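Common to both upcoming complexes is subunit A, partnered first by subunit B, then by subunit C.
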Partner chain A sequence: MSSNEPIATTDLRRRFELVDQSTLNAEQVVRKNIGFWSDAWRRFRQNKVAMFFAAILLILIVLAIFGPAISGKDYITINGMEKNIAPCSEYWFGTDNMGRDMFARSWVALRTSLIIALVSAVIQLVIGCVYGAIMGSVGGVVDEVMMRIVEVFSCVPNLILVTLLLVVFGNGYPQLLLALSISSWTGTARLVRGQVFKLRESEYVMAATALGGGRMHNIVKHLLPNTMGLLILEMAQAIPNVIFSETSLSFLGIGLQPPNFSLGSMLATGQSSMTFYPYQLVIPCALLALIVLSFNVIGDALRDALDPQLRT
Partner chain B sequence: MAKFLIRRFIYMIITIFLVFTATFFMLAAIPGNALTGKIAKLPESSQQRIIQKYGYDKPVGERYVVTLGNALHGDFGESIVNAGDTVQSILSERLPVTVRLNTQQIVFGVIIGIVLGVIAAMRRGTAVDYGILIFCMFMTSVPSLVIALIFQLTFAGSSGLGLPIIGWPSGDELWFGGWQYTILPTISGALFYVAGYARTTKIAMLDSIYQECTTTARAIGMSESEVVIHHVVRNSFIPIITYLPQTIAGVLSGSLFIERVFSIPGVGNYYVECISSRDIPMVLGFTVFYSCITVVAIFASDVLYGVVDPRIKITGDKR
Partner chain C sequence: MSSEKKSAAAKEPLVKVEHLKQYFKVSRKATVKAVDDVSFEIMPGETLGLVGESGCGKTTCGRCVVGMYTPTSGTVTYRGKDVHSLKGKEKKEFNKEVQVIFQDPYASLDPRMTVSEIIGEGMDIHHLYMDKDARRNRIGELLHMVGLNQEHANRFIHEFSGGQRQRIGIARALAVEPKFIMCDEPVSALDVSIQAQVANLLISLQERMGLTYLFIAHDLAMVKHISDRVAVMYLGAVMELADSHELYEHPMHPYTKALMSAIPIADPHTEDTRQRIVLEGEVPSPINPPPGCKFQNRCAYAMECCHKAAPPLEEVSPGHYVACYLCQKGKEAAAAAAEEAK
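Moving on to the complex of A and B:
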């Protein structure tokens, strides 16, 4: 220590003790790290409307699984003596024109619609992903040709395409699932293709490749996490769309044929007797509206939670 | 521009051709059609004659060439189920109905939607805005099929407003008049689009409200309504126009069940009957017809896109 140091510094030295820097960790993160998913979940939870509809959706799903067992009535048994009974303590939702318990029938129909929607949404997502990934990663002429095919698919109105496919395949669950999936994968394919293209151009993937990351590394570490959010949104959008197409088709009498039934076929029977027994129409209508509404509200909330570009 | 138009036009033709081919071969793959059911009870020799008359005894390849040749002249053949019906005769008979229904839906949906969107954007943050928002959320979420049925239940017949439950004006009133029949189908089919347009307009308006030209317009002393009409609304037209072809295609598919719900004698209703009875020539004809309209609508929107927004230069290599 030299003797001609300014007074102030020597004064400070006298009053304070020097700290050994090596004992401190300045880089330490004090607050817990919030990952993308926990952040998204936090945002979603803050959305009260979405939580409300999530609860409704949960109740509907539980009822679709256990509903028929609650009333203890069979949904197939035809009872000629008890036709068209309005909702009462015996039959909570009344009975239909063949004397079948509407309560049990509604939940079974809802179950059918839900299962069809879920499975078909998954199928179309898988087809779309694979197709889009091939388009994006191969590129060139293959991409051009595959893109034309996508365009042909999207030039036929959706419902027309599904009806056409149903004529060809025949009626039944697997055929309906296939037709609904084939007609609506193009959006996902375009999305995934765009995502792959975007990623191939991006600097961080280039950096990862330069650092020795292989193709698998890029797919697992960069492509999947970046696309996952978008795919969840696609799924949230696809489910209500499929429910809607399926009910419309069954309503028109092209979808499921008796003895299979869904909310759509219940709407059709409800319409024929609506003047005298309006409850037969109102109940499936209400269920359908409620389920599609909840899916849509949740989808919107997911968009707010998952899309980084929408964040404020 | 010309290069782009020609290129898009060629793609359009290719697309329609592919739709035709795919539909033809898919339909040819069905084991039975309307004919098999119709002639099942006839003796063997007359069965052969009828099959020959419709040309189903020939191999698929030959049938394809013949059908394609005829289709190029606009002839898709005669209906198997309703003898005498051709695609042309059905179109001339039923297309006016569908066109009127769809036009009314689109006009109603677009106008009300844009008005609601403008109001929501001008009064943003108020109760009016939230009211419109909730209305839109509800209308996009409830399937129009459900809305149509509920409307029919509430407003038609002896209950409610006493509007007719089913039916459609005909004769002199085919294009104009007989409004009481058209009110419910139009509104129930259009509400989805009202919501869609309200949302799109609102977002586009909010974008252009904060642009500099709007501020300048206010600064030079234009009145508020002038600013809104000349700058804000005009600048928000681009997203609205890109939404139009979707609307046309959607209204077309939507008319399938709207026509069924209200028993409207339109093309959609007939198409569903053809599908149910596997009336091959008619299904082929109407599928091609529907996709033509969609393809043309998409083409038109691409062109409009370039016309409306001078900033977008359409070049030959735009994809």
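Moving on to the complex of A and C:
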């Protein structure tokens, strides 16, 4: 036994290194201090798929702005001689049944869809936020009544409500925006209400109140910063939804009417000649799929990046 | 300590709670009587421990005392002023002098704020500094006081462990130079080794700054360690209140006796022979507490008078208050009669 001991100690010495206390800077900050947003951005960047789709989205947006100018052809001139030409060097995406350049038309349609989606999502967010914040912060009877109103709005079948609106008020951008936003804000309102309730009861808001912070202090210092991530997420998820709704409406023929057009109305025309000229359907379809997919993937990645629970 | 306490006893109480009741409506018919007629006093410089099992109204009581809840009835006075009718400047002054340390260090700190923002929050509200340098220095000083260092100031909460977070919570409360701190189970969410650190930190801060604590906990050993006096709560009412040694050495109320017998002893031989008083039944719902004494349906000595009216909290020996007919002098005869009947 005793003869073994020295061997064990030397063995240990070889394996372990003595550490001087002075070199132990346990509390030294090794990593750079990072804020909430830069941390979220760091984690978003790590998501390769999301970065790929973010790039695609960026390209699509740039093309939606400058695309029509690239081919040098305008998107409204009807050319009876050059109807239904398949994609070629002259017409990159071919022409439609009235001889109009599909390349230019696709980007203009995408632009229309994007603008409608963006404006509608902003409307939805603003109304939902204000409404939800009032519900959450006032509470009591006011909350009850406002909640019932929300329920009524979200019970009515969306498509019927929208169709009715468009039939009564006619087609056009303002009417379409109204129709798209009329019931979509209810989800946001509920979300914000829940968040405000949660934060109001949270211990750090209680602590701020105990420190003497008033209502404004709590809203500016705690409620807004803690709701921001949620709202960005809501925005990222609302946009593809609106694009889809608008497309379906236009596809059904109750959305935008000629001469206005969007991806949906292009799909509708393409679908009627699908058998002979499939490219007229496939191209707008592919664009729609790409843009919605990008938004969805980015939305998912944002959720992961903004959720403090998933921090590493 | 004892001479200090005696001089404190001669002074006016810092906080006086009288017949405090806090009911919550849970539906149109049912009301939860979270705190039901509680009275006690806290002397300047002392620590009053408040113990009791989960859901007995400790936290609610504490939050009423610091003005976070508006009580159903009863009064809380701080330095002779009614806490719940304070307005404007007085209210702000009260908020500066009375602070809270929360139970859950994960929930009580805003995840979007840096440590310096959190600690500086109260200083910003009360304008306690001259310029930015003074603010930074003060934050560094506070961090040092609670055993952290200046380098932590720009970090976010998620970069800290539970014990460190609780220290930040303590620093936040100390930032406004309070006189009275309500500690709402400040150590129960922490690891046992960290519990001792934080409790000792609280004690040393008290000695250094002359703080007064209302220390809420369910850990009896911890309460004994930190408190000068201890109040035992059961189902929204105070059952017994005494000097901490007196209470632990000579518990009088049957409920306190049962509680004391449940404290594990860190010695295997004594632990083996420890006699546990095991209470029968469950805590009745605070929605429908039994009439009379709250403890009667689980009490081995329950008498007829216990079913009729709740026993008042009476002083049975100097500084030792008990709410039990069994221990009160006037009813001693009745108790003896009950014993004989058995």
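Everything below uses one rule, namely that the second predicted complex is superposed on the first by the 278 of 312 C-alpha atoms of A that agree within 3 Å, B and C clash if a C-alpha of one lies under 4 Å from a C-alpha of the other, contacts with A are read in each partner's own complex, and residues count from 1 in each chain.
We adopt the following convention: contacts are C-beta pairs under 8 Å (C-beta built on N, C-alpha and C of every residue); 3 or more make two chains touch, one makes a residue touch a chain.
Everything quoted here is computed from the prediction, not taken from an experiment.
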**OP:** Report clash or fit for the pair subunit B and subunit C bound to subunit A in the combined superposed model.
**Re:** fit
**OP:** With the two complexes superposed on chain A, say which partner A:36 touches: subunit B (first), subunit C (second), both, or neither.
**Re:** second
Original post:
If you stack the two complexes on chain A, which partner ends up touching A:212: first (subunit B), second (subunit C), both, or neither?
Top reply: second
Original post:
Is it subunit B or subunit C that touches the larger share of residues in subunit A?
Top reply: B
Original post:
Which holds for A:280: it touches subunit B only (first), subunit C only (second), both, or neither?
Top reply: neither
**OP:** Determine, under the contact definition given at the top, whether A:195 touches first (subunit B), second (subunit C), both, or neither.
**Re:** neither
**OP:** Identify the partner contact of A:158: answer first if only subunit B is touched, second if only subunit C is, both if each is, neither if none is.
**Re:** first
Original post:
Counting only touches as set out at the top, which of subunit B and subunit C does A:184 meet: first, second, both, neither?
Top reply: neither
Original post:
Thinking of the overlay built on chain A, is A:204 touched by subunit B (first), by subunit C (second), by both, or by neither?
Top reply: second
Original post:
When the two structures are overlaid on chain A, which partner does A:221 contact: first (subunit B), second (subunit C), both, or neither?
Top reply: second
**OP:** Could you say whether A:248 touches subunit B, subunit C, both of them, or neither, answering first, second, both or neither?
**Re:** first
**OP:** Note down the smallest distance between any C-alpha of subunit B and any C-alpha of subunit C in the overlay, whole angstrom.
**Re:** 7
Original post:
Taking the two structures together, which residues of subunit A meet both subunit B and subunit C?
Top reply: none
Original post:
Any idea which subunit A residues touch subunit B in the complex?
Top reply: 148, 151-152, 155-160, 163-168, 240, 244, 247-248, 251-254, 267, 270-271, 274-275, 278, 281-282, 285, 288-289, 292-293, 296-297, 300
Original post:
Where on subunit C is subunit A touching in the complex?
Top reply: 66, 68, 91-92, 95-96, 98-100, 102, 104, 107-114, 121-122, 125-126, 149, 151-152, 154-156, 158, 169, 172, 176
**OP:** Show which residues of subunit A lie in contact with subunit C when the two form their complex.
**Re:** 27-29, 33-36, 39, 202-204, 206-213, 217, 221-222, 225-226, 308, 311
Original post:
Can you list the subunit B residues touching subunit A in their complex?
Top reply: 11, 14-16, 18-19, 22-23, 26-27, 29-30, 137-138, 140-143, 145-146, 149-150, 152-153, 157, 165, 249-250, 252-253, 256-257, 260-261, 271-272, 275-276, 278, 283, 287, 290-291, 294-295, 298
